[in-house]
Every structure is written in structure tokens, then in C-alpha cells.
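Have a look at the structure that comes next, please.
A, B, C, D, E, F, G, H, I and J are the chain letters, set down in written order, and residue numbers restart from 1 in every chain.
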Amino acid sequence: MSNTEIPTITEKLLTAKKAKGVTFTDLEQALGRDEVWIAALIYRQASASEDEASKLLQALGLSNDLVPELTASSVKGLGPIVPTDPLVYRFYEIMQVYGMPIKEVIHEKFGDGIMSAIDFTMNIEKEADPKGDRVVITMNGKFLPYKKW
Amino acid sequence: MSNTEIPTITEKLLTAKKAKGVTFTDLEQALGRDEVWIAALIYRQASASEDEASKLLQALGLSNDLVPELTASSVKGLGPIVPTDPLVYRFYEIMQVYGMPIKEVIHEKFGDGIMSAIDFTMNIEKEADPKGDRVVITMNGKFLPYKKW
Amino acid sequence: MSNTEIPTITEKLLTAKKAKGVTFTDLEQALGRDEVWIAALIYRQASASEDEASKLLQALGLSNDLVPELTASSVKGLGPIVPTDPLVYRFYEIMQVYGMPIKEVIHEKFGDGIMSAIDFTMNIEKEADPKGDRVVITMNGKFLPYKKW
Amino acid sequence: MSNTEIPTITEKLLTAKKAKGVTFTDLEQALGRDEVWIAALIYRQASASEDEASKLLQALGLSNDLVPELTASSVKGLGPIVPTDPLVYRFYEIMQVYGMPIKEVIHEKFGDGIMSAIDFTMNIEKEADPKGDRVVITMNGKFLPYKKW
Amino acid sequence: MSNTEIPTITEKLLTAKKAKGVTFTDLEQALGRDEVWIAALIYRQASASEDEASKLLQALGLSNDLVPELTASSVKGLGPIVPTDPLVYRFYEIMQVYGMPIKEVIHEKFGDGIMSAIDFTMNIEKEADPKGDRVVITMNGKFLPYKKW
Amino acid sequence: MSNTEIPTITEKLLTAKKAKGVTFTDLEQALGRDEVWIAALIYRQASASEDEASKLLQALGLSNDLVPELTASSVKGLGPIVPTDPLVYRFYEIMQVYGMPIKEVIHEKFGDGIMSAIDFTMNIEKEADPKGDRVVITMNGKFLPYKKW
Amino acid sequence: MSNTEIPTITEKLLTAKKAKGVTFTDLEQALGRDEVWIAALIYRQASASEDEASKLLQALGLSNDLVPELTASSVKGLGPIVPTDPLVYRFYEIMQVYGMPIKEVIHEKFGDGIMSAIDFTMNIEKEADPKGDRVVITMNGKFLPYKKW
Amino acid sequence: MSNTEIPTITEKLLTAKKAKGVTFTDLEQALGRDEVWIAALIYRQASASEDEASKLLQALGLSNDLVPELTASSVKGLGPIVPTDPLVYRFYEIMQVYGMPIKEVIHEKFGDGIMSAIDFTMNIEKEADPKGDRVVITMNGKFLPYKKW
Amino acid sequence: MSNTEIPTITEKLLTAKKAKGVTFTDLEQALGRDEVWIAALIYRQASASEDEASKLLQALGLSNDLVPELTASSVKGLGPIVPTDPLVYRFYEIMQVYGMPIKEVIHEKFGDGIMSAIDFTMNIEKEADPKGDRVVITMNGKFLPYKKW
Amino acid sequence: MSNTEIPTITEKLLTAKKAKGVTFTDLEQALGRDEVWIAALIYRQASASEDEASKLLQALGLSNDLVPELTASSVKGLGPIVPTDPLVYRFYEIMQVYGMPIKEVIHEKFGDGIMSAIDFTMNIEKEADPKGDRVVITMNGKFLPYKKW
């Protein structure tokens, strides 16, 4: 369904996670890593150390046979050019609507350069709100100034 | 340069801002609004009240003739399908790489639904770091559960 | 046929529905939900509660093994960028032809914001007409005003 | 701003409408037509009779010179393949998410065929709701069965 | 070969047709339908009644097991956005080259509206010509005037 | 409006045609050519002889200055990859839905080859029908068999 | 590898050709056809007579079971919109760079029309050159003048 | 008309060529270069020496002011991704249909490598034929073997 | 010509550079920067300090009015999705052909991460070679390891 | 994961390489070829001699059965039009940002022509740097001047 290509290993891990009733919070404790990074690992958008891979597989009740697949560098990027899934699309929309304003503000604060998406962390919190809970996402990326030469 | 279509009014406002040496921090104080929202207004991705429009124009030393343009609802979305500008592209990349992991985490925390990009605020901070300053972006969007009927 | 990707579970459910001769009206009564929502669930564009999933499977004479697949959050969006199926295309055409006029009218009635496609219901009726029956589709979405900050 | 191509005549008409403070409700009374159709006419997605064109121009305080432009058959469809404007995009999303479910329901109710987007009307209402007003859109299109030969 | 997606049932029917040496003229007589419509049915771009499906399967020496597949409403549209097959491409080229001239002539003859592709028939004849035989295609579609409301 | 690129000369000719109240039938008589070909010439999808160009310009009350533009070989093809105009789109849809069935029938009748879109004529007639007039389009193209070598 | 879709039969034929050590020159003699046409047949871009199919299969040491597949009219066009293979891409580049100049020269020499790609032959020769051998490709297509009507 | 972007200087040169009644054969004699190369120069797909530029301008009765524009290295490639002009499209079609067969033949004759489109010449001849004149295009490109390292 | 969008300021600077006969080597000496960076600045893919801007303008004989344009952060990325210019395309081809092999080698040498295109320098040299001079391009980018969190 | 199409043989070779713990440096010694070329061979973007294929397979502990697959000319180009993998994308970005500046510098140094991507070698080195190691990529391609004729 949709053109998003979900790796086979991802389906195995998510099925096991569901079957065992393990939450991302549980996995955070088992691995000592943030849930977003763990979800990225499960979708093979991040690579684990052998130790992290073992802990994840153990927490999901799976054998260590999958360690090599989890430690390998993967081809990243999950999907169609413009995502059709409404949740994912909203991040595309934020880029379309706020991309240039963000650029303007970052250039004023930091000069010409970019926010790294590699030296980068991301956190997702649930903020209780009587008018409806809110999703709070914090992105933290190193500013990389353009090098001159 | 690039296919990003920058509205004429945006160029006028940015030229005036540069000429007067006004910063976004100055504008925050003049309008009582966040700098990201103000940048979005300047790029016509947001619409001002008459009062906000007047204050912005005054702060930039421009006449009130532009008020109607700033208060009208605009056609939003600034650019090419896949952005070529490296700073903007990194947000596309974050969507490509972390979109599905974010989806997984949000669904676990909140159930089936999305983070609104309309009932939404965004904040950009500079975090000093001896290894290189960091860009910290906080997105705060209402969780919208799928309605059943 | 065509690039529309129909999930395997959808084919199972539709085959069972046809084999048992169950109509959407029957399913409306079995689930206490609208037929459009049920069709969306069958195409995995909506997620069921355990109870709704059970009722649907029972009504179609299928075992409860499929409950987990029906309650999981799915990747949504079914098809090619521009749909080739004539029935689906007409909704693309309505968006192309009437999208901006709708935008103009909504902005005048409600201000700057959007109609939610999440806090949203849809109803399809058959209106008898001697010159040819008519399809009447009612969409009902919460107006979401742009937040300022 | 954005790739939506807004005809010059549309800008003239909307500017006049804003300048005179005329609402769509006023135009409904002046023309005896629905506001959505009038907005479609203004965006040149519909063609007026000479009488309708005159009434519109008179209501907007414009001369009859524009009558020929308003009565001509126009090239329809306003925009980019996937719209970037959030309001317009939601209609694209509805097509992506609900297109196939709608198809399933219509085929069951009517047989193989389509809802016409030509022999078609559309209505937009504001439904007051204490939890937030709602946009109610009613589409009414003739069912066209596939002809066999 | 090419991105045209040919349904499995189409391959079965065409293989049987070739194996039995049945021509479209034979099928016209067996079904009492035009060969183009029958070819559209074989490619699942049209839906048969139970009777038509039975007759087609009988004429091709196939069992009635395929009746349900032939009577179901199908997802229509067979191919890539721009067809690469030279025969099919020529129809794309005709649309590119003559689309606007046709529009001009139809609007003058009929007013604002379209030729229906649903209430529509098509006929293909071979016209003998000493300089090379000619393909004569006759399309006959109901004119649908734009409704005003 | 829309991405269809209408040549400047086309607009001049159509404006003159409307101003003088000349119909395509009138032009057929003036030029001794079919109205579809004349419309194609006006849209610069066909090239005129000097004599044809003169007659057209005379019939439209324009000076002979435009003769060179009308006799030059032009770059053909008028529009976006997938047309958004509903009338033109229906021809795209016919190609999507009936392209492969047509191919099947032509190959059976003629062998491997194509219908030429160059050694090609097209005719548009209005067929009166009490249930709604019909557009009858006749395409006549030379069959070109694939050459072997 | 790459999006070029190579038919299964092509792989069978090429594997047999390699296994038997048969060259295109051998096949030219076996079939009495040019090697380019034979390669086109192997890629199912051309259709064989029964006799040609038999000779090809015999030359490759394959059974006659594949005759029907080789004599059927195929869906033509092998690949992605813009080819990524460098050898094939160069022909795309020639079209991009020299397409309009070729058009200019052909129109001057022949008038308005095209070079047929159907009534068309192609020849590839190796021209020895001390500075590096050269590929000489001769295309020979019938000029088709635009018909007027 | 069409998305082909024709440089302003090209239009100037072609207008002058038409006005003076100069043919490509005349230009071949004036410059001592092949007509295809000259047409490529006119479309700014090739760069002239100062001497060649002068001779071309003189032959067209234009002043030497345009010399710098004709000697500069230009950005090459003239058009839309898939050309809509039927003459140019046929070269796209040849690439789609014969690209892989050509690749197969060249690899057998020369080994792994490509035909250069830079160390490349092209010739266009008119071959008289009682059944219709033929366009004969000869491409001659250096074979470039893949370097190993 | 081509879809590459060359900024107006770039044209001014290049025209002045040509008129004054200034080479990149001259500019390297005037600015104390590498010619590739200077060319990037001229195409507004890099931003200058006030001092660098002044020196460049002085070297080109232009007034300091253009300083603000050269010091502003620009929207980067110059062209069409797939470049049509043969020189630029070769870099696209290198990415298509060698992208994954490069990825494999970098991951083995450095671990999971990327080569920065921001903390990045590039150098172009001419290497004399009797068989034909060679272009030697050296890219030097900081390795950025994926951060875990 | 991602649309990059990795050939089956590539997966076999990489799995064996990982299982045996063989590095690219080991392979360089075994084959007497550069690691980048070897990686290109593994991804079937280059073709081996029989000897090179044998040595590679032996080094990886695989049988000689794969020799024919490694010596065949392959269809080259590995991936989606715009790569989503961040490491590969950076090369796309370099082309977008520095493509035109590189073109400008090469034309000044060499004249009108291109850097060959066929008569081409590439080298990747790790440059130790206390602020973070750097990737140094050296591309060396023959300059090909445009031929005139």
C-alpha cells in the first residue's frame, strides 16, 4: 500500500515488537538509545553497533542471526518523491511552507551554511493539552558553515 | 536562481529589512510575534492582521500601501518538488529518512492520526557548542486523531 | 492493472464480501459505522478498534486472525500521482478545476486556514433523478485556522 | 508564489471585489448563481453568459470591456500536478486516501461508471460547532454508466 | 517489457484466443458486442454482464470460473504517463497536437463542455487504399455541457 | 491559466475571428480546407501554403504580414504532460483506457505497425440526439507496417 | 539493475546466444536479416514471421516453443524516461542537443513533416581509425509529409 | 509553443536567414562546415571560432556584434524531457525502441564502452525514392572503451 | 536555452569578465580564493564577504553597487532535475554509475556517514597528456559520521 | 529500501566479502585494480576480463560460475532520478550547486567540450584531520573537445 518501500527486516522487527508487546520506551531502556533513533534503526535508516543490534534483537525475542543486517550501512530514504501518507506528508508540507522562512532565520542567526541532518538528533514528546494533546518534535543539528577556499 | 518562486513583496520587504539593518529580533519586538512566523509572513506563507501588517511595514520603513497584500490569504508552498537549496533540502532529507520512524513513534504514543501543520508553531534557537554551534528547531503541532464515522 | 497498489488484505476482504453477497449497507449495520469509513478500513486507509475489526471479519465470514492487520496504523494513500482510473480521476479534476475557487470561498467564510482531512467525515448518497441518478457526496471537515505565534 | 497560475483577469476581479468590499453572498444575489460557481467563473474555470458577465462586472464596479473574456471557453485546471497549497492539497489527499473506497461504494450503489465532474454542482456551507466550526462541502454529480456497444 | 501493466486475466484470455484461433470478428458474433469493446473487456477496461462473460469464456474455450473477474468493476488505465509503445503513443501525439484545435472546434459547435469518454463508443475500420490501407477510427461521445448552478 | 502554451499568433487570430464573427464553417469555405485542419493551423500545429495563409488572414480581416509566421514549420505539441483541461484530458483518458485494446484490434486487422498521425486527417461532426447531442470524431490515418531489413 | 525492463524471453535468447558462441553476424546469415533488426527482435521490439522465428531459435539451439512469443506484436519501448545507461543516454543526448537543428535541416530539405521511425532501417558499422575506431550508424526513414485536408 | 526553449539569438539568425533567402547549402559554402553543424551553431548547441561566426553573420547580412554570443560556450540541450514535437519525438522513440538492441550490437562489435556524442559528426541526406523520398542520417562517433584502473 | 536558470548578476559579471579579458587565474590572485569558489560565487552558489565582493567587482571593473547582492545568502542549485548540458550531465552520470560503489568504499574506510558537501572544497587542474589533456578534479569533504542518540 | 536497484549478483558478492572479512584493500592486491573500480565491478557498473572475474571470485571464496555474469556488458546506472540516500545525494547536490561553475572553469581552461566519464578514473582517500577526517576524491577524465564538421 503506497509506494513506501518497507524493508523485510523492518516488518520482522515490528511484528515481533507487536507480538511481544514491547514499547519504544522499553526499547529505550534496553538499548540506552532514544526511541526515534531506535525506530530509525528498525527502518534501517540507521546502523547499529553489534552490541546495540544484540540488545534490540534480545528485547524483541529474536535470534542474533539478524545482527549483520542491522550493523550494515544501508541505503537510506524510504519513499516516494512526494509522500502520500498524511502524517509523513505534513513534514513535506512544513518544508514547502516554512523552508524558505527557516532559511532566512538561520542565515541571519548563523551566516551562510546549513543545519546538518547527519550530526543530528531528534526527539518526540507528547505534551498534554486540554484542547488536544500536542506533538513536540525537537531537532538538533550542527550548524555547518560553507567553507571557502 | 533555482525554481523557488519568491514573491515580489518578499523581495521588497527583505530589501527594506537589509537596508534598515533591522533584525528578526527587532521585528519580534515590534510585532509581538515569533521570528519564524514573521519570516513566514514576509514570504507570504502566513497572513497578518491589519495591525500586524502595519507594525511590520512601519518597522521596515515602508508605507501602509502594502497592508492589503499582507493580510490577504495567499497561495502557499514555495518551491520545486524536490528542493535544490542545500539548507531546505536537509528538511526534505529528514522527511525521507526519519518520516516513517517518526510515524511509528507518534502512532505508538498517540494512536492513528497526524501532527497538524496548521495548528502548529515552530521555534529556532542557536545552541552554543564548542565543537560548533547547533541549530535547535522545536515543532509543536496539535495531534489530530482520525475521526471515525 | 494501473499503478494503484491494492493491499493483499483488501483483496481478501473484498473477495469474501463478494462471495458472501454482503453489501456495504449490511456492513454498516454490523459495525455501526458509515459505509465509506468501512470501505476505507477495507482499503486500509483507516484503522479499526479490535471490536470493529472482529465485527467486520465476522460479517465477512473470516477468522479473527486478521484483527491485528486491521487495527495497525497503516501507510495511507493508494495510488499514482495522477490517477488513471476515470472515477478516481474526476476527484483529481475537481481539485484542479475547483480547488482555487473553493479556497477563495472558504477564506472568505472562515479566514486563513484549511478544511481538515483528518477530523473529517464523508457520506455518499444516491439521488434518484429521471434524467439520470446522481451521486451526492457530502464532506464535513473541521475548519483549522492557521495558528499564529 | 507557488506554481498556481492565476489569470490576469482573476486578479483584476478579486482586486475590485476587495476594493468594493463585495462578498460572495452579494454576488450570489447579483447573479442568481451559487458562490462556488461564481468563484469558478472569476478563476475562469467556468464561462458566463453575456448577462451573467455584465452582472458580475457591474457588481464589481468594472466596465463591460471584460465581457468577452468572461464568456469565452477557457483552458481549465489551475495548477501544479501535486498542489503545494495546504488547503488545496487536502482535496488531493482526500482523493489519495478515499478515492478507492469511494469507487468501491459508488460501484456497489450504481454499477460501473463514474460521477460526472461536468454535470456537477458544488456547495460550501459553514456549520457552527462549539468545538470548532466545520466546512461542509456537498458535491452533486450525475452518475454516468459506462456505455456498451 | 515497457511499463504497461497487463492484467493476468488478460494474458490468459489472449493466450486462449490465440490458441483457439478465434478472431475479434468471431467474438463480435459470439457476444453481440463490438470488437473494440470486447478488447477493452479483455484488458479489463470494461465490465461484462454475467451473460457476456460466459459467452466470451465459452468462445475462448475457458471455464466459467473467470466470470466474477470479468464482471467486477476494475481499476482502469493501463499504462505509463507517456506511453512508449509507438502505436499507443500516436494517440498521445494526437492529443498533444490536435487537443487544443479540437477544443476550439467543439466549443464553437456545442458551447462550453466536453465529449464524454464514458457515454462513448469507438469503432475501428480498415479502409482499403492502393497507396496503403488506412485505419479509420470513429469516436462517438455524448456532449456534456457544463452545468451552472 | 493552465500550462498550455498558446502562441501569440493564435491569440491574434482567435481575437480577430471572434471580433469579425467568423465561424469555422466560414473559414472552411474561404480556404477549401477542413475546420479541424484550420484550427490546427491557427494553433500553429500545421503549416499553410502562402495561398492558404493569405486566405485565412483575409477572412479574418488581418494583413498579410503574418503570412511568414503561418507558413513556417512550427514546433508542435501544445501542452503539459498530462492535460488538466477536462475536454483535452478526455482524449488522454481514451488513450489510457482504450490504447491497448485499440492496439490489439489494429494488430489483428493489419499486422504489426501503427496508424500514422502524420498521413492523417480528422473530422468532427455534431450528431443530433434527443438524449443529448453527440460529438462524432473520425480519425483516418495510414497504416504503416514495420519495415524489416 | 537500472529500470530498463528486459523481457524474460530476451534473457533466454541472449543466454543461449552466449552459450553457443553465436555472433550477430552468424544470425544475419541464418535469418537473412540485418543484425540490428535481429537484436530488436531479440528484445521484442520487432516481430518475426514464423519462418524467421524458427531460424532464430534453431541458430540459438532452442526449441520452437518460443515461436508464438516471437511472432506476436509486442508492447514496445524498453525503458526509463531518461535512460541511465551511458551508451543509451548518448542517443538521448543527441536528441536533446541536435533534435532542433535536425528539424531545421529536414524542414528545409523536405518541407513540413517527419522522418518515419516505422518505415525505417538502421545499420551499425565499425570504422577503423588509428585514433580510435568509430561507430557509424546509418538511419534511413521515409519522409512523411503532413497531410492537409 | 511547446516547452522547447529557443534562444533569442537563434530567432534573430533564422529570421535573417529567411529574409535573405539563404539556404543551409549556401551556408555550407560560406563557412566550409556541414549544414547540421551550422544548424547546431544557430541553435547555440555548438560554438564557433571568431572566423566562423563572422562568416555566418556576413552570410546572413548581420553585423559582427553577435560574434561574442556565437563563440561563447553555451548551455546545451534544447528541450522538454520527452519532446512533444513529432519530428523530434521520433528520435526519442528510436532511443526507446532501438536503444538496447544498438547497445547489444555495439558491445559485440567493440566491447564495453560507448559511442561518443562529442567526438561525433552527423550528416543528413535526401534519398530520392519513387515510393516517397527518404531521410538518411549518418552518425559517426568515436568508440570510447571504458577505462579500467 | 535549457532550463538552467542563470541569475542576472551572473550574466553581468561574466559579460564584464569577458569584456575585460580577465581570467579565473587573474581573479584567484585578486581575491586570494580558488577559481572554483570564485566561479561558484559568480553563479551565486557561494556568498562573499564584503571584502571579497569588492575585490571581485574591482577586478571586473564594476562598481560596488553589487556588493549587497554578492554577500547575501542565496537560494542554491542551478538547474533542471536531470541536466541536459553534456558537461554537467557527466557529473550526473558519475553519480548514477559510481554513486553506490563510492558509498561502499567510503563506508568501509570511514563507517556509516557521508562526505560533507558544505565543509567541502574542490579543485580543477589541467593534466597535459599526449593522448589528450585530462581534467583532474579533486573533491575534499569532511567525513560526517551519523550521530547516535 | 529506497528505489536503488541492487543486482542479485552484487548482494552475493557483498555477502561473501563480509563473510570472509575481505577488505577492498585486499581485493586491490588480488586483482591489481583500484578499489573504486572493483566496487563498480561488484555493482556491475564495470565489466571484468575473465582473469579479473576469476581473481575476484577466488578472493571472495566463490566458484567460477559467476564469471560470465561479471564479464558481460551490463545496463548501467543504479538508481532513482534524484537519489534519496544522503551519501549519494551529496554528489547530486555537488552537481546542482557546482555544475555550472565547473563548466565555466573547464571551458576557460580547455575550450568547448566535456570531461569524459568513460575514459575516466576515480580515487578515494582518507585524509586524517584532527578536526575530523576528510574524504578526498580525485576524478581524472579525458577532456573531449567538441568535434566540428
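One rule holds for everything that comes next: a contact is a pair of C-beta atoms (placed from the backbone, for glycine too) under 8 Å apart; a residue touches a chain by one contact, two chains touch by 3 or more.
All values reported here derive from a predicted model rather than from experimental measurement.
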*Chain labels contacting subunit C and also subunit F*: D, E
*asked:* For the two copies subunit D and subunit H, what rotation in degrees overlays their C-alpha atoms? Round to the nearest 5.
replied: 145
*Just going by residue numbers, which of G-J, E-H or C-F has an interface where over half the contact pairs are the same as at E-G?*
G-J
*Remotest chain, subunit B as reference, centres from CA atoms*: G
*Chain located farthest away, centre of subunit A as origin (C-alpha)*: F
*What whole-Å value do you get for the distance between subunit F and subunit H if each is reduced to the mean of its CA atoms?*
29
*How far is the middle of subunit A from the middle of subunit B, if each middle is the mean of its Cα atoms, in Å?*
22
*Whole-Å separation of chain centres (CA-atom averages), subunit D against subunit J*: 53
*Where in subunit E do residues touch two or more other chains at once?*
4, 6, 36, 43, 75-79, 81-86, 93, 96-97, 100, 103, 107, 113-114, 116-118, 120, 122, 144
*asked:* If we use the touch criterion from the header, which chain pairs count as touching?
replied: A-B, A-C, A-D, A-I, A-J, B-C, B-D, B-I, B-J, C-D, C-E, C-F, D-E, D-F, E-F, E-G, E-H, F-G, F-H, G-H, G-I, G-J, H-I, H-J, I-J
*Contacting residues of subunit G [partner subunit F, same complex]*: 33-34, 36-37, 46-47, 73, 75, 100, 103, 107, 111-114, 116, 118-122, 144-149
*Which residues of subunit A touch subunit C in their complex?*
1-4, 6, 18, 82-86
*For the subunit G and subunit E complex, residues of the former touching the latter*: 5-7, 44, 68, 72, 74-79, 81, 117-118
_Under the stated contact criterion, what part of subunit I meets subunit J in this complex?_
4, 6, 14, 23-24, 35-36, 39-40, 42-43, 45, 76-79, 81-83, 85-88, 90-110, 113-117, 120, 122, 124, 126-127, 129, 131-144
*Write out the stretch or stretches of subunit E touching subunit H in their complex.*
82, 84, 86, 89, 93, 96-97
